[in-house]
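Every chain is named by a letter (A, B and C) in the order it is written, and numbering of its residues begins at 1.
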Amino acid sequence: MSGEEFVPLSLTPLLIGTFAAIACALPGNFLVLRKQALIGDAISHVVLPGIVVAFILTGAISTWPMMLGAAGAAILAVIMIEAVRRLGQIEAGAAMGVVFTTMFAAGVLLLEQTDTSSVHLDVEHALYGNLESLIWLDATGWPSVLDPVALAGLPPELPRIALTLLGVSLFIWLFWRPLKISTFDEGFARTVGIRTGALGMALVITAAIAAVAAFDAVGSIIVIAMFICPPAAARMMTNRLETQIGWSVVFAILSAVTGYILAGYGPLWLGAADAVSAAGMIATMSGLILAGAAIWGPCRTRAGAPNTA
Amino acid sequence: MLWDALTLQLGYNATLVAIGATLLGISAGVTGTFLFLRKRALVSDAISHATLPGVCIGFMLLVALGGDGRNLLGLLAGSAVSAWVGLLCMNWLTRHTRLAEDAAIGAVLSVFFGFGIVLLTVIQTMGVGRQAGLEGFLLGSTAGMLWTDALIIALGGAATLLLVMIIRRPMTMVAFDPEYAAAQGLPVHRVDLAMMGLVMAVTVVGLKIVGLILIVALLIIPPVTARFWSQRSERVVLLAGLAGGLAGYLGAALSASAPNLPTGPIIVLVSFGFFALSLLFAPVRGVLAAVLRHLRFQRRVHIRQGLLALAQGQKIYEPLTLRLLRRSGLVRADGVATETGKARAAKALRDEKRWEVVRSDQAHEATAALYDGLRDIETVLTRDQIAEVDRQIGGPQEVPA
Amino acid sequence: MLSLAAHQGVSITEQNIEDSPLAIRGLTVSYGQKPAVFSVDMTVQPGAMTAIIGPNGAGKSTLLKAALGIVKPLSGQVTVFGAPLEKQRARIAYVPQRASVDWDFPTRVIDVVLMGLSRQLGLLGRIRGRHMARAMECLNRVGMHDFANRQIGQLSGGQQQRVFLARALAQDADLYLLDEPFAGVDAATEKAIIAVLKSLKQDGKTVVVVHHDLATVTDYFDHVFLINTRKVAEGPVAQAFTAETLQSAYGGRLATAQIDQISRALG
């Protein structure tokens, strides 16, 4: 395919999809190891009520209030889950189930109650995004990548997700050691003075930010696939955390790129006329990669700890 | 208007929805309880999201066979098949790989949902005039519910309920102690699968009314609510059914009473209302009761500790202890014990010694287990027994002033 | 005088809180409505090896965890070398009960030992040759240097326990707290661990161990702390570890024959 076609139509969605996948996979590694994988599930479900509330408050579809609304909803959800879990002495899974379904229901209700028919705010969009529409019309080919005028017309999602990826990476890099220690052995971490509660919260908030930034591109449900599948597949490849993170990034990129290409061109190869959902295809690919790793991965089974069942 | 809705006077469709929602609420609450007691509540999330590809494939098959794709039974059959496949994938991942259940749940739900979305976009481009409102399965849509739809839901709900009643004993045993259940010869894995199968049935039945994302709420919230009110599993099951049924009924009625009140979300919110009330005000496990109990308990601990310190002439470090003692008139403002304080302190020390005798005597083993540093010895021993213990201690002891 | 057991042992005076590596006053911890530890005072002697003993559910591990700030007490104060716990983190090393970590965690033996150097390394400090050498030296002391590159879950229970001891050694602390280090380990491991603990004592470190095997108390330790929700006795083994204190701590739960046997062993 020529640059004239690829750069305006495919480069930006591809980059956005890839960045979103990596930004979610990085914290996902720790969530999976901490058996908090479903925090990603909970966060992604409450993004919808967050943006609806932001829309009601501001009356307009503008990016930053919506991002803030979504992030606020995610943090509120995490706090509510903790509160329900502790106050009601309910196991974490059930506490999550109570909170995120309720918030989601509230979001749908608010959406129905508000007149959003004039603007582009609908449940489906929030659930499965529209990666395909994030094109770069100002580009004319590869030279545009260096052309400031064309660059000004980049879809704003691209710098946003790039920035998020940078922030997430920075967080993981900066807190690598405490994250690793407290994930492995929380009791020990506390005895060496690591504030495990605050650190856990920071991790969840980082994940929430990644989810919010990514949901625009891939939709809120499919974000979960990015949180869980690449790290889970990476888990089957190695027994070292450093290597696992590396694999998870590779798998995230692989899912995003193959998913995007298959969604766009797969149907054409099969003789159909139209593309299918790129976000859905990315999730599907990440699932296939996970399946492959689960069947062939060198470290797919549990280590033979003598005292684990 | 609301009254009309509650008494099922809002017309044919609203009545159908209300009956269907009530039945659905009962069977979801009852079934969900076993899932919750087994600590696998969120498995339902994976099952429900995994129905989406099946709905789509069912639709495509129906269209390919020349139908219009709106046959509810066909769509539900499709959703059941794909939910079952998702369930098996999840089980396989947790049993044969190192992944924990939460990761397996998340992987299955997101991948199946993603694949479902792909199929949904395929259907959109298939050029079939109507998309059959497949999106309605995401959030439920009761608008154009037909008599046959309601019948399917009612029959499905009733059948599920019946099955739950039949296998409730093995399910309770497995949820309570899987290892013991296995030792009793119960096929734990198969009981688990049967439980998941029931969850799947409820999910499938509920797709039309509340949609696949919110059905999870009906499976989780009523059991969690019921748990606040009883410590016995059979009662929790019944209460969860009640809470679920009531939420279904009230939710459906409310939603019929005004425009723009979608049934699924309203049912979930009503259900959450019950939950919030229980969380706060349930008599034993509720937050209010727990806070009061904790404060009372903390008070008892501090006063007892303070009295023992007074009796042994030790310095009291804790400001809270001092404050509590002062407020009860046991010490003066300068920290010196009052007459009552001295008497109570002497009694506390003496009781402590009595306890010690009791605890080191094999004959009192059952009583000794009750020791918690706070319990008054008179509540566990008879007067004669105390006298006997006192004889062993020997004579009243001096108490430092 | 059986009745005095709770209050005998080394008498507590205000001044030795200052020098004690670990001093606990009026500590009460409860899970729910029943205190696991009630109003306990403890003054660990510097340079000694102290065993915390008591029946199952007597609050031994809870006492240790509260001392380390892992569980929150209902009341009470903890000082470490005369200062609040938070200021003295660097001087404490803790070896948790084996069951408390995820054995499937993607990490090697050497990485676990390096965790002991985390305070020294800070957030971003790079692991250099000397850190590696120090970690290897600690592994060597517990006889596990050949296993440095194994995944932690691939070791036997005893080997895992030794790795956790090596991690504590790497912390180079002054006070070592171990929670049931001998539970379910093989004889070789038990020997290796006790040798390391004795060498720590020779270096002037203080060692506190939650211990469950009454038969080895006199061989391994010089001080004991008997607990059964309340403190039963505290002091040098010869004074505080007697038939009376044991009877008082274990009550009906310890068969008389067993007590006889122990008191015979005590001479």
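Please note the rule applied: a residue touches a chain if its C-beta (ideal position, glycine included) is under 8 Å from a C-beta of that chain, and two chains touch if they have at least 3 such contacts.
From a predicted model like this one, the values you see are computed outputs, not experimental measurements.
Peer 1: Give the label of the chain whose average Cα location is farthest from that of chain C.
Peer 2: Following the centroid criterion, the farthest chain would be A.
Peer 1: Given the contact rule stated at the top, which pair of chains has the most C-beta pairs in contact?
Peer 2: A-B
Peer 1: Can you compute the centre-to-centre distance for chain B and chain C, using the mean CA position of each chain? Integer Å is fine.
Peer 2: Centre-to-centre distance between chain B and chain C: 38 Å.
Peer 1: Quick one: report the Å distance separating chain A from chain C, using the average Cα coordinate of each chain.
Peer 2: So the centroids are 43 Å from each other.
Peer 1: Which integer distance in Å separates the CA centroid of chain A from that of chain B?
Peer 2: 28
Peer 1: What are the residues of chain C that contact at least two other chains?
Peer 2: Within chain C, residues 104 contact more than one other chain.
Peer 1: Could you check chain B for residues that touch two or more other chains and list them?
Peer 2: Residues 98 of chain B touch two or more partner chains.
Peer 1: Counting only residues that touch at least two other chains, what does the list for chain A look like?
Peer 2: 235, 302-303
Peer 1: Show which residues of chain C lie in contact with chain B when the two form their complex.
Peer 2: 2-3, 5-7, 14, 25-26, 28, 30, 33-35, 38-39, 74-77, 104, 228-230, 247-249, 251-253, 256
Peer 1: Which residues of chain A touch chain B once you look at their complex with the stated criterion?
Peer 2: So the residues of chain A touching chain B come out as 32, 35-38, 40-41, 45, 84, 87-91, 93-98, 101-102, 104-106, 108-109, 112-113, 123-124, 127-128, 219, 221-225, 227-229, 231-232, 235-236, 263, 267, 272-277, 279-284, 286-287, 290, 294, 297, 299-303.
Peer 1: Quick one: which bits of chain C touch chain A in the complex? Just the residue numbers, please.
Peer 2: Going by the criterion above, the answer is residues 65, 68-70, 86, 89, 92-94, 96, 98-108, 111-112, 115, 118-119, 121, 123-124, 151-154, 156-157, 160, 167, 171, 184.
Peer 1: Flag every residue of chain B that touches chain C in the complex, lowest number first.
Peer 2: Per the touch definition, chain B meets chain C at residues 98, 293, 297-298, 301-302, 304-305, 308-309, 312, 315-318, 320-321, 352-353, 356-357, 359-365, 368, 371-374, 392-394.
Peer 1: For a test of understanding, state which residues of chain A touch chain C in their complex under the given definition.
Peer 2: Contact set of chain A toward chain C: 33, 174-175, 177-178, 180-181, 183-185, 187-188, 190-194, 235, 238-241, 243-244, 302-308.
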